[in-house]
Every structure is written in C-alpha cells, then in structure tokens.
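Once you've had a glance at the structure underneath, I'll fire off some questions.
Labels A, B, C, D and E are assigned to the chains in the order they are written; within every chain, residues are numbered from 1.
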Amino acid sequence: MTVDTIADSEVEGDADTGIGSRVLLSGNEAVARGAVEAGVLVATGYPGTPSTEILESIADRDDIDVRWATNEKVALDVALGASLGGVRALATMKHVGLNVASDTFMTTAYTGVGAGLVIVTADDPGMHSSQNEQDNRGFARMAGVPLLEPADSSEAREYTTIAFAISEEFDTPVLVRTTTRVSHNRGLVRLGPRIEHPTTGFTRDPRKYVMIPSHARLRRPEMLKRLERLTGYVEASPLTVESGRSSDIGVVTSGIAHNYVREALPDAKILKLGMSYPVPIKAIRAFAESVDRLLVVEELDPYLENDILAAGIAVEGKAFFSQAGELGPDAVRRGFATALALPDGPTIEPAPPTVARPPLMCPGCPHTPPFLALRRLGAVVTGDIGCYTLAALAPLSAMDTCVAMGSSIGMAAGMAASGGAQGPVVATIGDSTFLHGGIPGLVDAVYNQADITVLILDNGTVAMTGGQEHPGTGITLQESETTPVDLLALCRALGVDDVRVVDPYDLGATYGALEAAIASPGPSVVITNRPCVEAPTKVRDRPYEVIADACTACQACMTAGCPSIVWSDETFEGRRKVSIDPITCTGCTLCAQLCPPLAILPTPSSEIEVRTGV
Amino acid sequence: MSGAKLVQGNEACVRGALAAGCNFYAGYPITPSSEIAELMVRFLPDAGGVFVQMEDEIASLATVIGASLAGSRAMTATSGPGFSLMQEHIGFATMAEVPCVVVNVMRGGPSTGLPTSPSQGDVMQARWGTHGDHPSIVLAPSSVGEVFNLTVKAFNLAERFRTPVTLIYDEIIGHTRESVVFPDSVDVISRPRPNGDPSTFLPKAAPPDGVPPMPAFGDGYRFHVTGLTHDERGFPTTDPGQAGALITRIHDKVTNHQEEITEIETLMLDDAEIAIFAYGIVGRSAHEAVLRAREAGIRVGMIRPLTLWPFPYHQVGEVAAQVDTLLVAEMNLGQLIGEVERAAAGRSEIVGHLRADGEPITPTDLVAAISGAGAVRT
Amino acid sequence: MSDDSSGLLLAGVGGQGVILAGMIVADALVRAGHDVKQSEVHGMAQRGGSVFSHIRWGSSVDSPLVPLGSAEVLAAFEWAEALRWVEYVREGGAVVADLRTIVPPGSCTDRRSWSIRYPDIDPDLLGRRTLKTRIVDASSTAAELGNIRAANSVILGSVAAFLDIEHVHWEAAIERLVPAGTEAVNLTSFRAGCEVVEASIPPRPADPDGFPGPHEIDIRHEWCKGCDICSRVCPEYCLEVGIDGELALVDAEACTGCRLCELLCPDFAIAVSPPTENVSRGELVASAGDPP
Amino acid sequence: MDRSEYRIAGAGGQGVVTAGRILAEAAILSGAEAIHNQVYGPQSRGGASRSDVVIATERIGYPLAEEIDLLVALSGEACSRYHPELADRSRLVVDSRCVPTDLRTSDRPYPIVDTARSVSGGQLVSGVVALGVLQALTGVVEAATLCRAVADRVPTRHCEMNLEALEAGMRLVAGDER
Amino acid sequence: MTDVRDHLREWAMPHVLCPGCAHGIVLRSFLEAVDEQEIDRNRLAMVAGIGCSSRLVGYVDFCTLHGTHGRAPAFATGLKMARPELHVVVVTGDGDGLAIGANHLIHAARRNIDITVLLLNNSIYGMTGGQAAPTTPTGAVASTTPGGNTEPNFDACKLLIGAGASFVARVLAANPIEMTRVMVEGMTHSGFSFIEVVSDCPEYYGRYNGMGGGADMLTWMAGREVGVTGPLSSKRFVNHVPSSTAPPGMATGIIQREERPVFTGVHGEGSHGP
C-alpha cells in the first residue's frame, strides 16, 4: 500500500501528498515510509514473513530502486554497495534471513558505511510462519551494531528515519528489529516529507573497505570505539523513554512488549528502550533506583535481563514472562499477576472445543501431486522452506526434513552418503528457494556425485510469502521485464546430466519422471512447471464435482489432502462419499486423476467437452 | 423311374444335408457353389435351421464351428479360393475336434483361375491344406445322386469322429442336373454325448475309440475349446507327452476306423489287365470308357474311390497287384497319382492321364488312353 | 488495560477475506476519529489455516491485540472459528457467526468411525456467558444479491449493528478497499447485513451408522506377480511390495474396505471381505480420541 | 444303350437354360434318364448361353454331351461358336436371322425368335419355341409330356403363353414340312 | 458378497499375463458384471481369438472358445445363432479385432447380432512381442516402429459406430467400477454391443515408450481420460510440457446406443436351432 492510495482517508494534512495526515499503516508499510522519508534510494531484500511487505509497499516508487535480491546476503551486499556508493540504502529480511546475510553483516560493522545503511530484521516470536523463533537482538550484540526496536507503526516510521541518521552519524549499519506483531499491526502514522539525500559518491578507502586481515585488525578497534560513542548516545537518547508515575514497580522493556506492559500497568513507571543495543545501562540503573521493584518484560531471550543483571542491578523477568513464544496482553498480565504485581484477572470461560485447522496446501496447488508420487515411491524426502513444507503434514506425509533455505539438497546428499535412508533420497525445493540457497547444494551434489534426485517445484513465484517475483520469473519487483533464469539450462550447466521437466498436474507423468530420475545414478533433477494457483495471478478453471452416484467412497481423492474435498453425508457401503466445494476448487484435475471410478468430473457446462475429448 | 427328379448337384448336396439333419449353414458366395447357399436359405428355415451369409469364407467356417459347438449340425460350401481361406478353420476344427462339413465345388486354379470350369485340383489341398499334422476325411461323389448320399455320409462321419469332413466335387457335378431318386429316409449318426457329472467332466478324455464325448455349449457342461495343443482338460499345454498324445489320437481316431470311412467302387476288375483309377466326374468318363473298351475287347476295369482321404491304399494296392497297368485319370497335373504309386509300390505300371485346362476328361480320351496303354502292353 | 480501548475480533479461514474485512473495519474506525491498531497474521497460516484480525480502538491504543474476554464483537466468518475465538468476547459482548462451515480435511480422516470431527452449529456451544449472538447466512444473502464473494460485507453489516460508528464511515471504507468493480454489490450486501435476520440453523445429518470395521484382506501370494498396482492405489497405504517383489499387508487396521486393491489387481490375488464382527460405532468414536 | 444329346444355344435372355431343363424333365417324365448341363459364369450374362441335355434309357455314364445329335442355335454367336463342333451326323436348327453361309442341306433355319416375339412380345420364350421345333423334329419326348414339363417348370401366370410358344415351335416344323 | 474368483478355473491360475497387465482387471470387472446380472454360468459363452486378451477366456469357468486370430466374432455369431439363449461375449484385442479380425468385427456390428464384444486395447501386439498395431498412436515406438509409428491409428469406437454398432462404449481398465457398469449395460443391450477397454501393456508399450509399469500406465490412463491439459491449459509454463506427456482427452462412457432390429440369422418360423 502506498501513501497515494490511502490519501483519501486522511484526517488532516496535505491533500495532495498526504504529508501531515495520519493514516493507517502496517508496521512494514511504516518502516518503508520511514525509509522513503529518509531519502532512501536503494531498497532491497528477500521475501520472508513477516518482512515481505516492506519492499512491496514502495515498489511502485520510481524515485527509489526497489528490488528483490536472490537471497538476504545478496540483498545486504547490494545495500552495502549502494551505501558505499553514497546513497541511503535499506535491506529487509525476516529473522532467519539475517542468518544468511550474517557473513556480510558481521563485517559491515568493521567497514562502516558510506551513506546511511539500515537493515530490517522482522522476527517471528510465536513462529507464525517460521522454522524457529530466534531473537535477533543477539546479532546486534555479536556484530556490535546498534539496534532499534519500534513498538508500533508510528514508531516504525520514526525509528527508521532515525536509524538512517544514526548510521551516518556513527558510520555504522543499523539494525531495526520488528516482530510479527509490529510488522502486521496496523496503526495510525503521521506522514512526513521525504528528505532527499543525493549521492555523496564513492570514496576510495581500501583500509576501510578492503577487509584483508591487516586492514580488519585496524577496523576492529574502530568498531569498539564506535560502540563506546553509541553507548554515550543511547544513554541520552530520546529513544530511551521513561513514563508513568507509580514507583511500586518499574518495568524495563522494548518493542511491542512495551505496549502490553503499558496496557497491563497503566500507571507504572516504564523505561522503554527504543534503542536496545548498546543497552543504556546507566539510564537503567538510574531508573532502577527510582522504583521499588524492577522487572524486565521482553519477548524471547533474557537479552536485557542478562545485561542488567551483569551490571549488578537487581531485576526480575523471565521468571514470570516466558522465554518461548510470543507475548501478548494476556501473557503479560498473567506474568505480572504471577509476580504479584497485579491481582488475578477475572476467570475467562475457556473456548469450547473446536476443530484443529492447520495450514494446508491450497486447492489446486501444483506441489501436491509430486508429493503424492514421492510418498508412493517411498522416498526419503529432505524438504526446504516454502509452501511445500506443508507436505510434511497428513495426509501427504511426504517430507522428512525441513531446516533452512536451501538445506534440502545438501542434506539429501548427506542422507544418501549415510546409507541410512530406507528409500530413495529426494530433495524438494521451490524455484525461489533453489535460486536463494539451493544452487551451491546442487553444485556440491554434482561435484561429489551424490546419488540423489532434486525435485525443483517451480511455480514461478515466491508463493509462501504471497507471490513475489524472483530471478526465475523474468519480472522485477518494480515490474520491469528482465532476463529470467532458465532452471533447466542452469541445472544442466551445473553438470546434472539427467534433468527432466514434467507437468505436475499430470500425476502419472510426474510419478514416472520421478521414478526414472530416481533410477538414474548420480544426481538427477526433476522440474515441475505449473504456476502457483494463488499468485501472482489466481489460476482458476471450471470446478470439478463428484458424481455422487459413481462415487464409491474409496477415499483415494482424500489422500491428496485438498481442502476443497470433504466428506459428504451420503455413503457407499458404510463409507462416506466425498464432495467438492465449488467455490474453492480450481479445476486442477488431480482428484479426478486419483478417482478410480472416475466419479469426479468437471461441472456440467464443460462435461460434454471433456468427456468426448472434442 | 418312379419319384425321379431332375436335380442339380448342388441341390442334391442341400437335400442330403437336410436329410442328414443339417440345421446350420453359413457361407460366402462363390461360383460354382453358390446354389448351395441359395437353396439352403430357401429350405433350411422350414427345416428348423438357421442360415447366415458371412463376410468371407474364413468367417463362414468359424461361424459353422461356433454353431456346431452350440450343438448344431453345421456346414458351409465354397470353391477353391474360399477353400484356401477355410484352411485355417479346418485346422481349428480338426484340433478342437468340432464336427462340421465343408463342401468344395472345385473349379480351375490356382488363385481365381477358371471360375466356371471343372477341376480336380484341390484334392491334395483337401488333404494337406491346413498346416500341421492332421487327418482328413474327404469324400468325392461322381454323380448327383452320390452327392446326396455322400453329403449324408459326410455329416455322419463328422459327428461320429468329431472332425471336419470335406465333400469335394467339381463344377460339372455341381451344376449338372440329373434324374435322381432320393430315399425316403437316411441313417443319421450323432456325435457322442457325455452323460457324467459335469463337475468332473474332462472334455478331451477319449474312450478307446479315440473320440471323446462332446457336449454343446449351454448343455450344463462348461469346458474350454482351443486350437492350441491341449490336455485332457482341454487346457493349453506344451508338454511333449501330452501334445504328442493329442496329435496321435486325433490322427488315429480316423485312420483306425478307415474301414468305416472308406468307400470305393470297382468295375470289371476280375480279369482286368488295365485298371483305370478315377474319381469324381472322371469316374463317370472312366465308367463309360471301360464299357466302350470292353466292347472293343480290351480287358479293362476301374477302381473309383468315393473316399479320397483317408486314401484307400490297401484297396488300390490289391488292384495294382492284379493288373499290369493302372491308368490314373484326374483333372489336375498329378495329385492322387502319387498316392496310387505309393499304394502300388511297384506292383504295376502307373500311367497318368492328366488334364488341367478347364475341360473334362471324356470317355473318348480314356478309351484312347487305354488303347495306348494296351499298345504299350502288347 | 486502557479503559477507553475497545476490541473487535474477526476470524475465519485463510482465503475468506478476513484481512480485507479487518482493514475495512479499521478504516471505518479511523474515519470515526479513533486511534486504531489492528493486528493480523500472514504467511503460512493463511494456507487454509485459521486467520484472525484483532482490532482495537479508542482515544489512544497501546496493545494491538485484544485481551481475552474483552472484545465488543467477535465476527466469525465460519462456525468453528466462532467457537475458537469466543473466549475473547467480553461478558455482554456480541458474536456474529456465519452459518458457513469449512470442514478441514483433517476432520475427515477418521475412517474407522466415519465421523466428521466438526462441532455442531449450536449457539449453546458458545458458552454460558451473556452474549448477544447473531447467526447469519452471509453466503446465501450475498449470493442472492449477486456475488457470493460479497458475503464478508454482509457480516460487516451485522457487525455494524453492534458498533457505534456512523454508516457513512463504513460505506466510505468499503468503497475504498473492496476490489474495483465490486463496490456496489458490497455496499448492497453491507446494508443487507445491517438488517439481516437470524438464519435458521440446518439440522446436522447423522454420521453413517453402519460401520463395516477393518476388513479382512486375503492375499493369494501364489497368484501375485508383484506388479505394485495395489500398493499404489491403496488410499490408506495398507499394502507394500517389498524389494523382493513380495506383497505385504503392512497396515491391516487402516483398511476401510474400499476394495480398490481387489478391483485393480490384475491377478485376482487380493480379496477384501467385511469383518465377521462389527465394532460398535460408539467405541470407535471414543477410541478415535480428540482431534490433533 | 439308347443315348441322345441335345444342345440349345443362344444369347442370354432367350430362355435356353429353362428350355434345356424342361426337355430333361420331360424325358424323366417319360421314364428316361436325363442330364441337363448349362454354361455358367459371365457367358450366361447376356453373351452366349447354352443348355445341353443328355437323354438315355439307362443310367447315364458320362454326363456331358460328346456328340450332339441336334443343336438349336438361336443367335449368330451361338451358331458360329457351336456349329464347328458338330459331327457329320449332327443336325443343326438355326434361327432364320442368323443363318450361316455354310449351311448344310440337312440344317434347318426357322424364325424361332420372331415367333417368340409374336407370341410374347419378347425373346424370352425363344427357348420354348425352340423346344417345340426340337420335339417336332426328333420326337425324343412326346408332345404331351413336353407340355406337362413346360407347365411344371414355368410360373403359372406365364404357363399359357409358354404352351402357346411351344405349340408355335411345333407348328414351324409342321409348316416347313408342308 | 460373492467372490468373483468362484468363476475362475483355479487350477489354471495364475494366468500367463505379465505383471501389471491390466487385462486381468478387465476380466475381474467382467466377472463382476456377470454376477450383477446373475447369469447362469452354463448359459455364458466367452469367445476369444488370439493374443494376450484372448487368453483370458481360458481362466473362467464358463463355456469358453479360444478360436483363431481375429475370428472370434464369427465363432460367436455361429454360437449365438445356433443357441440364442446363450450369452455370448467376445474378448478380443486391438490387433486381433482391428487388424486381422476387423472385417468380422464390423460385419457383426452391421448385422446387430446380440453379442457383446470386449476389445482390450493395449495399443500394441503383446503376445508376439510388441509390434505396432492398428491402434499404436502415431509417433509411438514399437518393435516394428523403432523410430516411432508413421501410420495413423484407428479410433475403434468411431470405426464401430461407422459400422453400425448399436451400442458403443469406451472404458478404462483403470476404472473397474465404471467398467462393470458399462459391461452390464452392454450385455443387457439388445443387439450388438461393443466396448473398447483401454488397457495397458507395461511389458512392451510401456517399456518402449517410457511409460513405466502397470501402475504408472493406469495413472496415465486416468489422466488421459480427464484431459489434464484441458483445464488450465492456457496458463503459463504449459508450453514447457513435452507433448508426449500431454495426451489428448479421450471419449469414455457410452458413446452410442440405439435400438435396431436384432439379427438372429434366417430362421424357420418358431424355430431356434436344435
């Protein structure tokens, strides 16, 4: 969403630009807005929930180079290069994306920046859409990079602009950490003007930018000196805010946790750390002295708590507030109640039992048939990050591992080398994930002649995060055409002799291709080639229907786990027949292919056409 | 002559078939046999039978076999080109032991040859036309009246021995109208039927005479019929012992009953120095020729097999032992003459009078031949 | 908690448009002059999972999340989701629940009892607290008005009945945020929702009462040629052909008696027959346990 | 053995086959043995057609005509084809329209086809007219027996016309002899 | 529930067909159809020609005739005319029925004799070792078309409709239940009924054309029936699909059904043979 499109919801402010108006923005949109206002000229990143919308929300700006990078490390490299080239640059990623980028990230703290460089890490406490819930505040400490933690959309905009300023003032990259609740929260944001920061140009300085050991040894002390200056800054920073009057309890907190605390203890004294690395120990000590009892409320790790304790200040935290999972108003309230800082709240009648609703592969998802085939083939499947990870769940139950972006191929090679797999070893990886982190794995498989099959599930988009373009799609984030990576040619060029492309909607062909690829020695690649049915365009054909009279309730279709297929109230020999929800069915034909009595047919308007093969 | 009618040879065949209880006919038109089909469709329905004109001769005999398996007494008729096509199923009927009658009204060949001219060129094909080792029963009438009789006999032999029987005569006999007196009734022999428990029925288990009882489809016996070499259960086998036993039995059931099958006519052989061996239409010429030659004082006789196959080696051999010369007259370039030579085994001189030009061998021709043979003798 | 902050919860299933509805509510609240925070979940959870949108408003809102037992209104686009989120509704609050049932495939996996694990549509299940409940049939209403996809606007209309926001704000928000071209039908649907009458709750059909039980699978190994068709077609993965080509029954209990293996065995090597003794259905439902 | 052979030859459509059958059947009716033979195949379709009848008092050995006693030729083609085969003692009756140049004195032309036309309006009964001529010339069968054979053979509705044709044929000979 | 195996000549089993050959599935479905109609075994005659499909009749405890190559419809014609009360079913293959025996097949159809023909189409000559048949698709590999078949192939159902068959249907071996249903319809149809069963030959056709084993071919068959590339075909990427894996949709089900006078042969009045 852009400022332009929300302008008509303005409450006040400039009617044309929206400047000065307060608009509802998500945290991600607000970060982007902050970057825009800060005069960012290059913004890049790799899609990952909950960070994805940051770049998307400014992709239509023609005054900014907004682009998807192949992966987060590349994104940070691009942003760093831009920064060294003299323009303000933004790199965005989800928390685990920073793992990928960390190689560059750790060293940026040594090189420093040219123009302002801000890295956004969107953490996912509660793991709404992630494989772990690592607390990326630790990265700031490890790298020695300042860390800002906005608590809502308004702060997200503001802190981003501040981050650029800090970056340039201290010659350092700045890490802005959001969490899912900040990124995907909408709140009112007052828009400010964009301040242009024309390029300052690149200044040759090998001692600063060429990190050979001899240079790096010189930069390490520079970095430590900078940290000292930053510590001085944060102690006196307006980002460190004290509020509240009641001194019975004082709470140190940061980010979204602050809002929960404020709501739970409206009157308590709270020290909110807008910048949480370096930790302003002096300010905390002073605050501690002003209250009777000091508590720290933070999501995930006892990051502040340990620092405060290390400084010899008495503080309580993780004793009451869980280190696992997301905080929320109820969890925070319960924590304070446990800490006897609040009375027990009223008992809430618990929700009645209802059905579990785990996420599922979409109706018509072209990833489903290959996994049906893999299960039938008895393959040991090393999975990867993407929608297809859902194939691990019943009824497909066809994935055995999922660790990190691009891990599938290397893990498959290792699994094959172990000799411990009970069946053929197949790595499954999406098109974008393959380009992100899979290629080196495949190179390794070729190099070491791993006897594995790599199934590249090419659906032409980054589906999990909502359908972003990537280097294989031929379109950039800003919707210009570009050269798409030819996966088939790429795999061949990497040295895979046995590469085959198959239509995943043709279950028989898919099975056959996988079976043949598995049978061929050494590394082989099967590429499926149907687009995601949800994005970038919704793929819909005539829905299919179950001819109830012909249905024999064998449940063969149910093995695909398609959400559009459910049991009906009719039965056959005591078993439930099935029915198809015509609203969600995409007409992919998979269930019809699975149906032994061929009781699943296109809805009547197309029946004649297909049945007679005209 | 009381009750005599002018009847065509092909019609006599139809009347013989009906007298023999034929109730199924399938065929394909071909000169000079077509009248059989045309008359069958006129007479068969009234006799409670079924007629069908098939798409070709292959199908015709297949259909006949199918009907026979369903219990019908079934036949088909054709001429040389169609007979060639029927060889496939003559073999099948032989192997599967399905009674049926095939009439071949011979015309000149090979191939389409001489469609409306007589010939005796199919007699060896009638013996060996289908592939593999197999017996053959082939009857050859020489007059319209004999067509009737041998048609009856063909049905009876087919049923008696569960095998295809070929009735073979030439265009002249087929088309000639002759005064005939038909008998009021004929003896009809039916195929042996099983009477045991259907559940233990072995369709190809044969009694000592080599002819297994045969139920019809639908009779309550369920069995398998195949052209593959099979065992007593009727099921395919490649076991050499079982295969050999089957082929031998199918062969023996005919050859061991040759006296029941073989029929020959002899004329004036008692003092003959020369004997004419002839069959079919040539038998008529030979008969005439013998009479004429005898008038001229030549001691000549005739032996005429009505059963061409199994070949009457024994009877011909006896004649050969008795006469000096055997004059073999046939309307081909030498087919049965070889069998006569085998039968004679050197005991008499064998002289052929052979013709394959579409014209009949006349009595005049044979008288001349006899004279020539006699001249050689003197 | 801030006294002046109110909460509203929208809940549904991925793909139902919960997020868009949440944006409309938030937009309408902003137009009405409130500070608003709205929180939702993206990513994997949207793949057919439970999707929700918390909306809080007041003069100044801290937490974007609605605390338990504090929401003014819960608008559930799907019945099971109403039950899931009802604990967020305050005493005396309102529940707008659509009749729509989206049965997840996971509720159709108990092939021993053939019982669909899905709660009855019964307002009593919402609990003992005082609630204003309104059961709507938004899909039918929207379909009658011309576009079944405008069902969300019908629900928003029902929600509006419980909130003190002028309709002009609702309609402005709807006009701005719904897909271009659907403004009219969504506005009509919204208005219909404002006046929508309580939907009648359809009776729930009984589960199949005759349960055939685990079937007996007779494999005639001497006829089996190991062609693998049966193991490929078995929906329950009961059969496996080993590396030695020998067919094995690896999960007899899972057999539902569909007979596909029998029907598709070219070698007549498999026969599936009903069990001699039926297990009572009650036992099965009990043994099936709670949903995962 | 008393054996005689007759051949009626003509063009297709002149009724020569029927005529031959009638003659043979008449012979059987009179207690004799008889054989009838005809030409089949393409020749019978519009070309030269032919009926051979062998009549004998005893069983007939050789069934085909070897030495024709009487040939009735109803067309020029038939005449030119079968005339040369005749033995010296053979007699020829030929239709007046196609008398060969080398007609022997013993040979007789009769307007058989014209007679048939005058009786029936067409050629079809030519064969029966020829039968009348043959009977009148040879007496191989009694006239009355021949009439009965005609009546047995031809369709009832044409019986009268055929009998008339037969008689017309006989009259041709009678007239000639007068 | 009766066991269709009761109809088998158990001593003859297992049958000679290759692993994964769907002909056995077809036989099984047929036996289901027999049971459904409660046909007296003694009144059921199965007639076959030569080939893999034709071997099936050897294994069923009916009156069975394993005739000559292509001639089964003619044998069946004789049986049916001679004994109209018999249910006569012909089992033939694509080579048997559409090459050497096509003449008999079309004439039986034309006559509308009351028999049922099951033509098991596996697109190749199986018994003789994988030679091209009249049904081998253009481009497909067989032992006599090593470079791909250059001839067009028959559409058996169209051929039979053209020949006047009063009941024409096509079913897939992958679909035994539909197969049984259509077989019952065909057998109860008064007159000639023709049912093409799309079967498989994993040993030759599947192997030569890289289609995998029996299970793969059944899957492929089902996909071919629904016409995978019909729906969604306009969508992106589909151009990358090799044509061999994108078979055209294929008519299945009952394609032709009409009432016509049934041929019984030329009979005497009130007479039905022996």
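In the analysis below, a residue touches a chain if its C-beta (ideal position, glycine included) is under 8 Å from a C-beta of that chain, and two chains touch if they have at least 3 such contacts.
Remember, predicted model here, so these are calculated numbers, not experimental data.
Counting steps between touching chains, the shortest path from chain C to chain D takes 3. The chains that touch both chain A and chain B are E.
Shared contact partners of chain D and chain E are B. Centroid distances built from C-alpha atoms place D farthest away from chain A. Centrality by Cα centroid goes to chain E.
For this structure, the chains sharing the highest number of C-beta contacts are A-C. Each chain gets a centre from the mean of its Cα atoms; for chain B and chain E, those two points are 39 Å apart.
Between chain A and chain E, the centres computed from C-alpha atoms are 55 Å apart. Once the centre of each chain is set as its mean CA position, chain A and chain D turn out to be 113 Å apart. Per-chain Cα centroids separate chain A from chain C by 25 Å. With touch defined as above, chain B holds no residue shared between interfaces to two or more other chains.
Touching of two or more other chains is recorded for residues 174, 176-177, 218-219 of chain E.
For chain C, the set of residues that touch two or more other chains comprises 232-233, 263-264. Touching pairs of chains, sorted by label, consist of A-C, A-E, B-D, B-E, C-E.
Taken in their complex, chain C has these residues touching chain A: 1-2, 5, 13-15, 22-23, 26-27, 30-31, 33, 35-50, 61-69, 80-81, 83-87, 102-109, 111, 114, 116-119, 125-129, 148, 173, 176, 205, 208, 210-212, 231-233, 235-237, 240, 256-260, 263-264, 290-292. Against chain E, the residues of chain B that register as touching in their complex are 23-24, 26, 41, 44-52, 54-56, 58-60, 62-72, 74, 88-89, 92, 216-228, 233, 235-236. For chain E in complex with chain A, the residues that touch the partner chain are 172, 174-178, 210-212, 216-223, 225-232, 235-238, 240-242, 245-246, 248-253, 255.
Every residue of chain E that touches chain B in the complex is listed here, in rising order: 9, 11-12, 41-43, 45, 47, 57-58, 61-68, 71, 73-83, 85-86, 103-104, 107, 264-269, 271, 273-274. Taken in their complex, chain A has these residues touching chain C: 8-9, 11, 22-24, 49-50, 52-53, 128-129, 152-153, 180-181, 184-188, 256, 259-260, 262-264, 266, 328-330, 333, 346, 348-362, 375-376, 378, 387, 389-390, 394-395, 464-466, 552-556, 558-559, 561-563, 565-567, 569, 571, 573-576, 581, 583-584, 596.
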